[in-house]
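First, the structure itself, so that you have it in front of you.
Think of it as A, B and C in the order they're written, each chain with its own count starting at 1.
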Amino acid sequence: MKIKAVSYPYVAWALLFIAIPLGLIVYFAFTDTAGSFTVDNIIQAGRYSNVLMKSIWLSAISTAICLVMGYPIAYYMSRSSAMVSGTILLLIMLPMWMNFLLRTYGWMSILENNGIINQIFGVFGLGPFEMINTQGAVVLGMVYNYIPFMILPLNSVMTKIGKDVIEAAQDLGASPARVLSEVVLPLSLPGIKTGIIMVFVPAVSTFIISQMLGGGGNQLIGDIIELQFLGNAYNPNLGSAISLVLMLLVMLIMSVSGFLNDDDLEEKLL
Amino acid sequence: MKTFAKTYLGVFMAFLYAPIFVLIIFSFNESKGRTFTGFTWKWYSALFHDAAIMDALLTTLIVAITASVFATVMGTAAAVGLNRMEGKFRSGIMGLTYLPILNPEIITGVSFMLLFVVAKNALNSVGVPFQFGWATLIIAHITFNVPYVILNVLPKLRQMDGSLVDAAMDLGCSHWQAFYKVVIHEIRPGIVSGFLMALTFSLDDFVVSYFTTGAKHQTLSVLIYAMTKKRVSPKINAISTLLFVVVLIVLIAVNLVERRNINRNRQAVRDRKKEED
Amino acid sequence: MNDIIISLQGISAEYDGEKVIDKLNLDIRDHEFVTFLGPSGCGKTTTLRIIGGFVEPTEGDVFFEGKKITDVPAFKRNINTVFQRYALFPHLNVYDNIAFGLKLKKVPKEHIKIQVEEMLKLVNLEGYEMRKINQLSGGQQQRVAIARALINKPKVLLLDEPLGALDLKLRKEMQMELKRIQQALGITFIYVTHDQEEALTMSDRVLVMRKGKILQSGSPEDIYNEPVNAFVADFIGESNIIGGVMLDDYLVEFAGVKFECEDSGFSRMEAVDVVIRPEDFRMVSVDEGQIIGKVESVIFKGVHFEIIVEGHGLQWMIHSTQSREVGDMIGMTLTPNDIHVMRKMEGRR
């Protein structure tokens, strides 16, 4: 009996529901409404290059903030007892289990013109400040939603740095700062790489956070795609072209960073 | 240094939980506005009397459970087969398997939408009724769930001592008996975590559901999205609070079970050591 | 010869496209304790797995009591295996592990109980029924693995380096134990190991394998005393292996000295390997020695001293109960009986 055969139902499923749909994106990107070949959609997609640049820019800022904010947390966890780091991990995961729409909605209540922060300022006779519907609010939303994806891989890499390695560095005369810069930082580079990709990819393609926190004036590339499929601008061909560009961008970043070639790809994705 | 670290950790946690606590507090707010005017349960009772929300909750549960059960069975079978494969065919299938995880969610969402639109046009033109609805939702959810099952089960299969299967066959098991008498026990942690992951992602999913849902039944997340567009709707606060409580209870329960298992294993190892001494 | 229980005829096998067994022929008699001995990668485990039914040979046939079983799957063969790392089922306790095979055969419960108890007694594990596998030591796991295989009353038991994971003391103990069990049950044991001492201690017959071929088959004494070539000699015990030339029947020259020997049938001036066991040298005074050299090192090994002597441009290893001082000049002599002349092996390391 061929044991391999038990995977064939999935193989068929994957071809039908993974390969073909992605093939359809390519097909629609290069055809017009009548179904004949055209590169018009790709050219039109070029009109949104400024939106794409803005998406990349805001995601890059968010990713950098996540790294700076998350690294000390991950480091602290890796140096704590299993009990403490387990509890911190749980506390970080807990909000993740709530739908991101709800979490983002919570930020709306905080940032709005009549929201919590402006009410507090109001007590001192300040404001109201315009916080929601700004690029800053979009970045905040991205950082808030995706920072766990930075901390988790960082933490798993740093936990694997043995205590003995740290102690060896101390034994050889390294100060805590030197231990961090000479030992921990270089050894945690794989985690940094994974974290950057895990934050950047969902951030650059988001379309809800920008709508909820950025208002109408801060559309990102995800919003443009959504508009072509479910919005007033209904144009799946153009939408497919933009999607194709976004997909290639993401794949390019992943392969350039070597993210896809690592042996532990499976582990990283879970 | 220590106090600095702890302060930073505290500030970070405040940042993480601020929006959630805001939601919880305002779920008990008498007025719809942003100022707390008095305590009330009324949004909760409104929630349970809202037919649309209750329908969405049911839809979400049905879709998530159906999709994750189906994905677990298909994914486990796929992993068993893939584990025996080598070469180009295997890497091709694994590549396909990674795609739904690696791709931005919105790409997965619109790709399904394209497929179902094409399928709908084709089927309707030959007189077969087909619409966006249960089928599209569940197919989409199965598809993005299966990879998580496969990625959880495959490592367990690889870690498994290959001679266990040999031993089972040596003692008289057929292939199938060897699977359900031995292999399944070895890979069960992978199957369970794969299933739970699939269930969680399914329950939580918004983007893919958004692009594949029909007009009749919506998932909770799609409904919430519609509600957030209205900006002020205190029922969302109530939903958030309930979800938070549920998640909290589940996580604490899972944690307790895990700790008990770890302790039990430690005890077993200690017993053995004592005996060897 | 109708007591042959297993017969391999012209067996070849490949692993990752590489030939690991090359047209192997072998007969194993009933009640025999046979050991495949060889370095890793010699094909010994693959041969065992072919007999067990876990590997299909690319050519050749396997016979069991005269019947061809090449295409019979593992679970239908009346042969059981003790695996290298035991392969006990972690989700089952000791009782259920041992009962596994009988339960598959739908043996009535009360019979299973009796037989499991018998087996536990055989392997000295009475009272361990309800233990979990992870609560057992390595040696105990080993015993459960043996009981689990034997309860099916196989005519042949295959053992794949079963003692490899145990420490030295336990290993010695289990060697005796296995021999006792084999004699008590009177069934055929086919044993795989890379440990020459283990092979010599336990077996009725040792098969030395290299590169998918059987180099020598014989009793432990034969293998040790009359190795067929330098590889076998080197693998079984320690040896001095020296290049030499056969001058005539019963006359060999090596290290620039002519020696009488007991070997004949070589062509004149044929290059040969000469094997001398380190314990066969006699140390004598310099003027009495056939070979003369200077003591380079002396290491105490417990029962004997290992003395390395440099002489005639070669290094000689001597095992002796007497010691010498480093730097001493000594002589060494050999009797014809101590000199084993062998044909040069092609492709020797």
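Please note the rule applied: contacts are C-beta pairs under 8 Å (C-beta built on N, C-alpha and C of every residue); 3 or more make two chains touch, one makes a residue touch a chain.
For clarity, every value in this text was computed on a predicted model and none was experimentally measured.
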item	value
Most widely separated chain from chain A, with each centre as the mean of CA atoms	C
Central chain (by mean CA position)	B
Chain centre separation in whole Å, for chain C relative to chain B (CA means)	54
Approximate Å spacing (C-alpha centroids) for the pair chain A, chain B	18
Between chain A and chain C, centroid-to-centroid distance (C-alpha), Å	59
Per-residue multi-chain contacts in chain B, two or more chains	none
Chain B - residues contacting chain C, complex	161, 163-164, 166-174, 177, 181-182, 185-186, 265, 268-269, 271-272, 275-276
Residues of chain C touching chain B in the complex	52-54, 73-76, 79-81, 83-85, 87-91, 100-101, 104-105, 132, 134-137, 148-149, 152
Sites on chain B touched by chain A in the complex	1, 5, 8-9, 12-13, 15-20, 22-23, 26, 33-35, 74-75, 77-82, 84-85, 93, 96-108, 110-115, 117-118, 139-140, 142-143, 146, 148, 150-152, 154-155, 175, 197, 200, 204, 206-207, 210-211, 220-221, 224-225, 228, 231, 236, 239-240, 243-244, 247-248, 251, 255
Touch list for chain A against partner chain B, complex	1, 3-11, 13-15, 17-22, 24-25, 28, 69, 72-73, 76, 86, 88, 90-95, 97-110, 112, 114-116, 119, 144, 176, 201-202, 204-208, 212, 222, 225-226, 229-230, 236, 239-240, 243, 246-247, 250-251, 254, 260, 265-267, 269-270
